Amino acid sequence: MLLSVENLGVRIGKVEPLSSLSFTLDRGEILGLVGESGSGKSLTAMAVTGLLPLIGGRIAEGAVMFDGTDLSKLPEDRLRPYRGKRIALVTQNPMTALDPVQRIGDQVDIMARLHLGLDAKAARARTVELLTRLRIPEAVTVCDAYPHQLSGGMKQRIVIAMALAAEPDLIVADEPTTALDVTVQAQIIHILGELVRERGLALMLITHDMGVVAQVCDKVAVLYAGRLAETRAVGPLFASPHHPYTTALIDCIPREGMARGSLTGIPGLVPSVMSYPSGCRFHPRCPRADATCERTIPETRTLPDGGIVSCHHPLGGDHG
Amino acid sequence: MSLKGTLNSIGRALRTPKGAISGAWLALVVLGAIFAPVLTPYDYDIQDLPNAFAAPSFAHWLGTDEFGRDLLTRVLYGARTSLSVSVLSISVSVFTGMVLGAAAGYFGGAFDRAVTIFVDLTWSFPEILIALILVAIIGPGITGTMVAIAVAYLAQFTRLTRAQIMAIRSETYIEAAKSLGARDSFILLRHLLPNSLAPVLVAGMLATGDAIILEATLGFFGLGAQPPTPSWGSMMSSGSALLFKAPWIIVFPGLAVAITVVAINLFGDALIRALDIKTRLREA
Amino acid sequence: MLDYLIRRVLLLLPVFLAVSAIIFLILHLIPGDPVDNLLKVGSGPDARAKIEAKYGLDQPLIVQYGMWLGNVLQGDLGTSIITRRPVSSMIAQVLPNSLMLGGFALLFSSIMGIILGIVAAAYRDRWPDQIIMGGVLLGSTLPSFWLGLLLILAFSVQLSWFPVSGARGWESLVLPVLTIGLGGMALVARVTRVSMIDAASRDFVLLLHAKGLSPARIRLRHVLRHALIPVVTILALRIGWILGGAVTVEYVFARPGLGLTLIKALAQHDYPVVQACLLMLAIAVMLGTLLGDILQALMDPRVRSAMT
């Protein structure tokens, strides 16, 4: 197993916005990390890339096992060789992700120069090749451009090129398409999927869009208010979701042939870190909630298909 | 902001350590200036040549100058000149700036453009240069100094007021007042000006500190208050030639300027925090 | 870039005209007859007629301004009432001193200010930051002439390290540069600190960390480059402030220069000299602003794009 997150808990100051999160991801696989905003998806990305200290957070418990090493125990200077070289990050907003006063080429080149030890010329050749591979027209010209001269979709491809440049084993993509047009979104997702199959990368794709998950992911981890609700392979999850929250998320996907206006939203809002409810955190919004859900935190249960669910009253019958 | 709210904010500012210390010093200086005749047995312009150049002692806490005049007395009387000149000229500057800025921001058009040109023109020039041009025209003395200070800082208040007015001009309650047929003057005086008052007044307070320095600088050049009227700047002007013989003539008025200006800045800082207007000041 | 430069220079033209008009008007706004103000007391009618002809004093004001500006642009700044020398040669004599003082003061305040600002930002809210910011408050509130006098007292009188006054040799430059530079340094340090903190919180910095770059490289090659853009803007806007400091400091150190010449001329009512000095200072301020704009465009590709 390339990445195995075990019982991860994250603290920022006095609050614990993410707790007891576990999932695994192997080479050639795409894991979709889903949930509404505020569910702890981005924090998971920061924890895996070791960037929590930048936002004043830290890993309070659990382990982030990457290729046999527990990253959560490494000091900053031993963690840095993993960043960019073995674990790459693609951030949410391509508009602000690039240094606005540096040329595109230089920003991508540095990856190969720093992590692969290439000289300036070889690094640039590699950059041009990568950009061409990501279907950026006139890659040589683009290298001399500044970020503000490119479109959003183009910039996101640059960010992806940067992530790929040092041939990492794992790419963490935090909502890579949210800030883009719908048509561009599809292209970017498609490109990412292709790369994983081609190069045997592992991709952790953070999204709030179940449609995207159904389209490209192999497995899914559903987060709600800083806790894991359910994690399964994609097929079984969509066929028979066990957690009521997963069901609600799936119901939010617009489908062909669906009557206009029949799209269901989930009533209520994700609670804030400061006011997580007692018991199961989903209970105030859950149609199946009862007194138990209000009082006790549901234990995680392993399903026959290897998935995990955390619910007192799961759907799907066979385990009451 | 209501009067009560403002007073509350000043109270909050005074309860912070910074605000309390700086506020205490400012109170001390103002009281010292007002009660100078009662506080010291000496006269500020009666010469006592046998006692000239006396070092600080029990009789003359801060020493005496080249004419044997008591320095503490002159620093206290100097505070009268320096403070009143600075406060008065900044008040005039704030008032004029508010009128210009409010009219420019509210009415827009050609008037706004003219005001903006004036502001941009003076903005890039150092206050001391503007002040020297004006002193060149009006001539040295207290009047020249006051006009110079008032004009040198005018751009700042005009700009700030204009920015405040522009920011709130299109808010709903102003639109509502307009649609109800309120007159321009009513909207300006009743709604717009009161809401832009706090940042402009705090900026005015901070500028008073700069004005004290400007007044002292002009005085030091011999272009400010003329003898025998003591001001902090003019005291140092006559003292600079005697730097080696009697450094205290320079040191104490300078300290008075320095501590007062630091106090004004600290108090202004505390006030900005208490009023929570940091961003509104920075926008302009 | 050349296009940008030309546009910027053209924008300065109206400012120059307005400022020079005000300086020209000084002679007409002061009480008394302009001719008397241009002549030494007791000059004969010949001299009077010569002045009237030269400045076209019987012509309308706008024509007079034109003639004056024409003379100025040809390098004829008039004749000093007191010394009877051509003002242009007086200015030419002292200008290098002032330029050197201003230049070194600018250099000192930028370099020291930027370093202190970086340190303060790196130790944000801890003791090095608090000490630096305390010093900054002092540096920006002490009257510069007073600071200069204290420095003389300490370093020239007590320690006799540096000369008290004059403009001979490098030693005479140290205290004046320090006096102006400390105030400028305070300003630069404050702006650098704020913009370093601001730049470090930008999104792209997170990605730089994720790319595996070292924190030192991120701070110096990326964050600092960004932080310097507002610093340059402020420096350009406040270049006049440093020149204003030069006026004061030249007077304190009796250092021959534009400032000392100006203050002396003001006291002696030597108006041609006053006008020339003010004009030179105003031009210096405008050139400083221009320099800042150019630097900003060189540093920020977005500014370059916006102008073309």
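So that you can tell them apart, the chains are marked A, B and C in the order they are listed, and the count of residues begins at 1 in each.
Following the convention adopted for this analysis, a residue touches a chain if its C-beta (ideal position, glycine included) is under 8 Å from a C-beta of that chain, and two chains touch if they have at least 3 such contacts.
Everything quoted here is computed from the prediction, not taken from an experiment.
Asks: Name the two chains that are joined by the greatest number of C-beta pairs in contact.
Replies: B-C
Asks: Would you mind checking which chain's C-alpha centre is most distant from the centre of subunit A?
Replies: B
Asks: Distance from the CA centroid of subunit A to that of subunit C, rounded to the nearest Å?
Replies: It comes to 54 Å between the two C-alpha centres.
Asks: With chain centres taken as the means of their Cα atoms, state the distance from subunit A to subunit B in Å.
Replies: A distance of 57 Å separates the two centres.
Asks: Using the average of all C-alpha atoms in each chain as its centre, how far is it in Å between subunit B and subunit C?
Replies: 23
Asks: Give the list of subunit C residues in touch with subunit B in this complex.
Replies: It comes out as residues 15, 18-19, 22-23, 26, 29-31, 137-138, 141-146, 149-150, 152-153, 157, 237-238, 240-241, 243-244, 247-248, 251-252, 262-263, 266-267, 271, 274, 278, 281-282, 285-286, 289.
Asks: Under the definition above, what is the set of subunit B residues touching subunit C in their complex?
Replies: 120-121, 123-129, 132-133, 135-137, 139-140, 209, 213, 216-217, 220-223, 236, 240, 243-244, 247, 250-251, 254, 257-258, 261-262, 265-266
Asks: Where on subunit C does subunit A make contact in their complex?
Replies: Subunit C residues touching subunit A: 202-204, 206-214, 222, 225-226, 229, 299-302, 305.
Asks: Can you list the residues on subunit A that touch subunit C in the complex?
Replies: 49, 51, 54, 80-85, 88-89, 91, 93, 96-102, 110-111, 114-115, 146, 148-149, 159, 162, 166
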